[in-house]
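Below are structures written as structure tokens.
In the two complexes that follow, subunit A is the common piece, with subunit B as its partner first and subunit C second.
Take a look at the complex of A and B:
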């Protein structure tokens, strides 16, 4: 039912909004949430509970009503209590079987005694039946449905910056913002509600001065150019250096603040008594929100359970809005500071029952709240046997608060439990973090304003704006929270955690089982592990554990608060999705030639070039054949390309690579192996000497950035007279390979390409003719693929021109571009290893036949000392060639299939492929050294468990005498 | 001429808006490719003296830049690392000058972009975690940071009263950076324009 319009309400009654829920059409207003619109339309059951499928209504109306989760089209788990109403919404309650009204899942409530806390840890251990139970549990415990076909919703993240971030736009937060801005700081105030004002917008107590105060506060903030107010957005976590993700419906804003004021307030806490979950039972603050924000009458006749002055003010608000108040039940012996409000209530004829409690809520035939069973409290805090039933359709709870301290915990705040306010309060805040208001243990309105002013001033001063003024306030004169708002009941259903349907007895059982530590209790009972993350259950859970174990709350402590504060949709977390990708300057050429791309780190490389009508393998073999018999061209621009320049450049390379470079002649290249301190191979490449003091060298594609970073570090450490330049992206590079490569290149360069003038492993700098002119190039005679070939490096901006020139020049020899797969096969035939494929994180050069490249006689290189020690011990494995017979037609191992000997693992295959040149399968495998002798037959276990035999063979498989690199060939 | 053969890293994807649409796009957020502007890099302990010997001004501190006579700019990327960009006539002598002791030439084959317009800050805040707003342009700052996951060098400036940035990145990231920035620019009402649109 709607109340008459009032000033300050958030709904726009001139804009009706039609929507449907569970197949019925309803009408709300713009500014409503789904829950407020439904409650305003007298819908009392908004969802079903998670475990027992009990009907549930409004609890907090503050983003914690996790039993009122709805499916809205492809959006699962829409939080009805805070989600703005949208015209045309079609909503259904989640977690029902057959709809909300006729939910067949409710039979689970009748089986409650068979489903005690932690029952799943003790049952369903039959291995055979486990899949069935797993399927059943997954079906029964899911909430909303994810539509994998739903359209992508763009949610770009953004960064933002401010001097002071104030989290919470309640009275203390707004005061903090004004104080910080007054000192000159750029201030952002963020609040998860649709409008600023916090509790001041609804905790009125029928007191017009409170409304006036809020209006003045909001007007001052609006007029201050230094303050930006961001509403409908919540601070989802706290990260180092005051980095706060601010999450709204559309995006995440990553706010970097100079300092942070946490004015996040407190969560009103429910009381625990039997049937405390019946629709109609809600927090007093929820009822106040319904009335003042949405113009909705929460109930018709209420019993108000209180333990503080806020509860009395709530009762006055109910009266002011035309709600009948059947009684005010105070857990305390007297009203204390709320005596003026109690007097007003008595004058209005309201019965006040001090020193009493609600033992049980009484359900009506419709399952909704129909009454409260009251008893006086005895000296030991338990209810007396004398009971009294009061008819009502709602019970409002105002028994205490728990600080919304999640962000403070994440920031590293040391908290202490303060008995004066019965809550945890900050004891030691991190630098640049400040707290004020209820989260700081300050509850009364005037005091919250003062506390906010203090915190805002200190926060601004901490980032250099003005001087900090104000000191911490003295403690509250009266405790705002009851230390034990809990009533046991032999029939249970006195819920502590509404997310997971945890009852008081579940905690007792958990402690009896030995889970008497707060973290263990949480995991065993799942208290606080539901969608509200314990915002209404952790405090009572902690109190129960403290009492059951005879400890103080401080001793019990709290569980770890982790980001995020509320669940964040995956789309918001993902944001736009940036995936940096590198392309060589030849990418468009590869596309035009039909390249099939494959990722190689951040790069995209052609795996092979698709020829119309041919299978992948056929294409690759054709590319291989072209290189072996004619000429091929591959883009190797992804290789790391570094230079070291200076008088001690050679000395530097001597230290970082295992081989000798001081004696490398200008104009020559040499293979290079890099190890780490433990002697493990981490990279390889080719070092070319351009001048006495100038080397150009390549690294693996994936290793370029890491190697450059490490070499830069070492150069800083060693202080040698040389410098390192990373030219990886600055040079295009391609390998022209094959017996016809020299003829092709000869048409484009004036360099003498004879074997005498440009021998194997030589380096030349010269010019290469391209369409429109000549370009400077570095050319290296390399043999990675086992054929006569040239690696040609040119400035990246001219790479395309060179590629085009080579392809044109090669036409006469049927030149083919070849991709990574063909290169892998070609190098395998030649027995060349690939770092990372034929080595792993433990492989030394000695195990992969590279002892020849390790010069132990040098004074020093990285890994030398470890290799010296390793060399004295027998090798654990040896990389060796393996072959299958010509004509073999059986199953072939995959890379990583294991070599088995005597039932034990004796090695693994690292590379394997069919060699068209040798007409047989060839491969490389790590073998136990006693199996590595040439001619040995080894057994390899296939993925399906079958065993096949291969023969250990010498490498290189192809051109073992390297004749292809000699003129005679 | 060597420079005549050079191709921008984004040449094949830099499809510009129709000329008539470019002024409006630039007012909101224009993206232009200036990769083919000649540039040279150098680093090493001898660099400052070497550049001074060639008559170039030296920005007094790292992460700052100075304009060059005849156009262009010299940016100091570190204590001993510089990026010089400008007309061919200015850069060619640097490239061909003999390498001096303690001077390590850096081949700069960057993708170089200009991004500017009224909605620049929105794009920067979506792509980079550096706060450009408080930077004093009079101090000629140079920002070395990461943008959409790519290492970039950025110089903020004003062009026709509108905020703008010059961005340099490794040319092999140019394709990705251009497409990503352009996608956001288009969302914000901008688009790809010719460099002279900013004049």
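Take a look at the complex of A and C:
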């Protein structure tokens, strides 16, 4: 039932919103949450509990009503208590069998004694029965259902900075923000609720001065240009150096703050008595939220169970909103500071029962709350046998608070249990983290304002704004939380944790079984492991454990608080995928030629060029044939391209590569292998000497960034007189290869391309004619694919023009662009290895036939000392060529298939492909050295277990004397 | 995410940095026995405490030294190699 409209309410009564729940249509208002709209429409059962499928209603309305989880289309586990109502919502309760009203899971409540605490750990010892149990529990448990066909929700991420971040926009947080802003700090206040104000928006006690105070506070904050208020957003965690993810419905904002004020308040805590979960029993703060935020009448006739002044104010609020109050039951002997409120209540004819408790709530025929069974408390704190029943349709609980200290714990705050307030309070805060208000053990409203002002001033001062003023407040005059709001009952069903349906006796049993440590108790009993993560159960669980083990709460301690504060949807965590992708300056040319792209490190490279109507393999083989018989062109601009310049440039290269470079002639190139300190091959390339003190060298595509970085470090360490420049993105590079390559290039350059003037492995700097003029180029005569060829490097901006010129000039010889697949095949035919493909994290150059490139006589190179040690020992493996006979039509191994000898692993295949040039399968394999002799037959086990034979063969497979790529000696 | 202070670029988020490892002097390769050399190449000291480490600010390719207390999770200071100027 709705109350008459009141000022300050969050709903807009001019905007009705229609939605459906469990097949029935309801009407709420814009600004409602799902729960407030349903409760306003007199729906009392919002969901079923997890274990016993008991009907549940509103508990907190503060994001821990985890029995009211609903399925909304493809969104599972929507939290009804805090999710804004949207027009057209179609909702069903999760965790029911056959609907909320007729849930067939109800029978589980009757089986409770067969499901004792920790039964998960006790019931499944029989291996044979395990599959049955597993199937059953997968059906029974789990809440909402995931729609695998649902569209992907991509969410943005945002980044922001502020001097002071205040978490919580209640009275203490707003005061902190004002104080920090007054000292000149840029302040952000974040609050998970739809509007700022926190408890001041509903803990009113029918006192207009309290309303006025909040209105003034909000007006001051709104008028302050230094304060930004972010609502409907929660601080999901605390990360090092004040990095706080702020999560809202559609995105995460990563806030880097100079300092943080945690003003997150406290969670009101339930009392434990039999049937304390019946719909109609709720926290007093939940009832106040319903009335003042959503204009919903929480119940018609209430019993209010109190242990602090907040409860008396709640009773006054109920009266003011037309709810009749059957009685106020105070766990304490007297009203204490709430005497003025108690007096008002008595004047209104309300009965106040001090020193009493509720032993049991009485269900009606409909399963809802229909009465409270009251008893006086005896000297030992247990209820007397004399009971009295009071009819009511709701019980409101106001017996204490637990600090919302999750972020303080995550930040590394040392907490101490303060008996004066019966809660944990910060004892030692990390640098730049401040706490105020209820989370700091300060409860009375005026004191919260003062505490906020103090914390805000200190937080601003800690980042250099103004001087810190204000000292910690004296302790609270009256304890706001009862130390034992718990009543045992022989028939149980006195719930401590509503998420997991844990009763008081479950704790006793768990402790009896030896799980008497807070972390063990949590895991064995699952207390605090449900969706609300103990926000309403950890404090009572801790009290019970302390009492059962005869310890102080301080000794019992708390479980570890980890991110996230509330569950964060995966889509929000994932955000949008950002995978940086690099393309060479020739990418548009490749696209125009039908390139099929493949990733190579951070780069995209053409795998092959699609010719209309032809299969992939046919295209690749045609590209290979073009290079072997005519001419081909490949983009090699992804290679790392570095320069080292300076008097000690040669010395530097001598130290980082295994070969000699001091004796390399100007205008010549040399193959280069790089090892790490353990002697393992990590990269290769070509070093060219441009001048005595100037080298240009390439690295592998995927190694470019790391090689450059490590060379920079080594030069920092060695302090040689030379500098390293990374030209990888600044140069375009392509390789023109094939018997006709010289003829093609000759049409574009004045350079003397004769073998005498431009011999094999030489480098020449010259000009190449392109459309529109001539461009400077570095040309290297390298083998690369085993044909006569030139690798041409030009400034990146001129790469396209050079590619076009070469393609045009090559037309007469049917030039073909070729991709990575053809390149790999051509290079495999030459027996060239690929670092990382034919080597792994343990491969030395000695094992892959590169001993010739390792100059052990040099004074020093990285890896030399390790290779010297390794050389003394027998090799464990040797890379060798393998071939299958011409015309072989059987199954062929895949890369990584194992070589087997005498039942043992004796090697593995690293590369394998069909060579069109040789008309047979060729490959490379690591072999035990005794199997690596040419002509040996080795057995290879295929993926399906079948064995095939291959012959160890000499490499290069193609043109073994390298006559194609260089002039005759 | 942590913040690390690059001596060239000032405080930056740690995701911009590359961690290399502890600064460890290389023994003389000629004088070291195989065992001493293997110890240098393969063994690292994981005991918590104050470490001198190589770090690189990758966008600017700036190498520097960070002194970190790995026990208290604190960066004590950062400076260019080799000195503390």
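Note that in this section the second predicted complex is superposed on the first by the 867 of 969 C-alpha atoms of A that agree within 3 Å, B and C clash if a C-alpha of one lies under 4 Å from a C-alpha of the other, contacts with A are read in each partner's own complex, and residues count from 1 in each chain.
Just so we're on the same page, a contact is a pair of C-beta atoms (placed from the backbone, for glycine too) under 8 Å apart; a residue touches a chain by one contact, two chains touch by 3 or more.
Please read all numbers here as calculations on a predicted model, not as lab measurements.
May I ask you to decide whether A:678 touches subunit B, subunit C, both, or neither, giving the answer as first, second, both or neither?
The answer is second: A:678 touches subunit C but not subunit B.
Just to be sure I read the superposition right, which of the two partners does A:335 touch: subunit B = first, subunit C = second, or both, or neither?
neither
Looking at the overlay, what does A:578 touch: subunit B (first), subunit C (second), both, or neither?
After superposing on A, A:578 lies in contact with subunit B but is clear of subunit C.
For A:708 in the superposed arrangement: first (subunit B), second (subunit C), both or neither?
So A:708 only meets subunit C here.
One more residue to check, A:869. First (subunit B), second (subunit C), both or neither?
Second partner only.
Which partner does A:643 contact after superposing on A: first (subunit B), second (subunit C), both, neither?
In the superposition, A:643 touches subunit B alone.
So, A:725: does it touch subunit B (first), subunit C (second), both, or neither?
The first partner, subunit B, only.
Under the stated touch criterion, name the partner, subunit B or subunit C, that contacts more residues in subunit A.
B
In the complex formed with subunit B, which residues of subunit A make contact?
On the subunit A side, the touching residues are 156-161, 254, 256, 576, 578-585, 587-588, 603, 637, 643, 645-646, 721, 723-725, 727-731, 770, 772-773, 775-776, 795-798, 800-801.
Going by the contact rule set out above, which residues of subunit C touch subunit A in the complex?
So the residues of subunit C in touch with subunit A come to 1-3, 18, 20, 29, 32, 34, 37-38, 41-42, 54, 56, 58, 61, 63, 73, 81.
Which residues of subunit B touch subunit A in the complex?
Subunit B residues touching subunit A: 1-2, 4-9, 12, 35-36, 43-44, 99, 102, 104-109, 122, 125-126, 128-129, 131, 133, 148-150, 170-173, 175-176, 180, 184, 187.
Taking the complex as given, what residues does subunit A use to touch subunit C?
Its residues touching subunit C are 239-241, 243, 677-678, 708-709, 712-713, 716-717, 726, 860, 864-866, 869.
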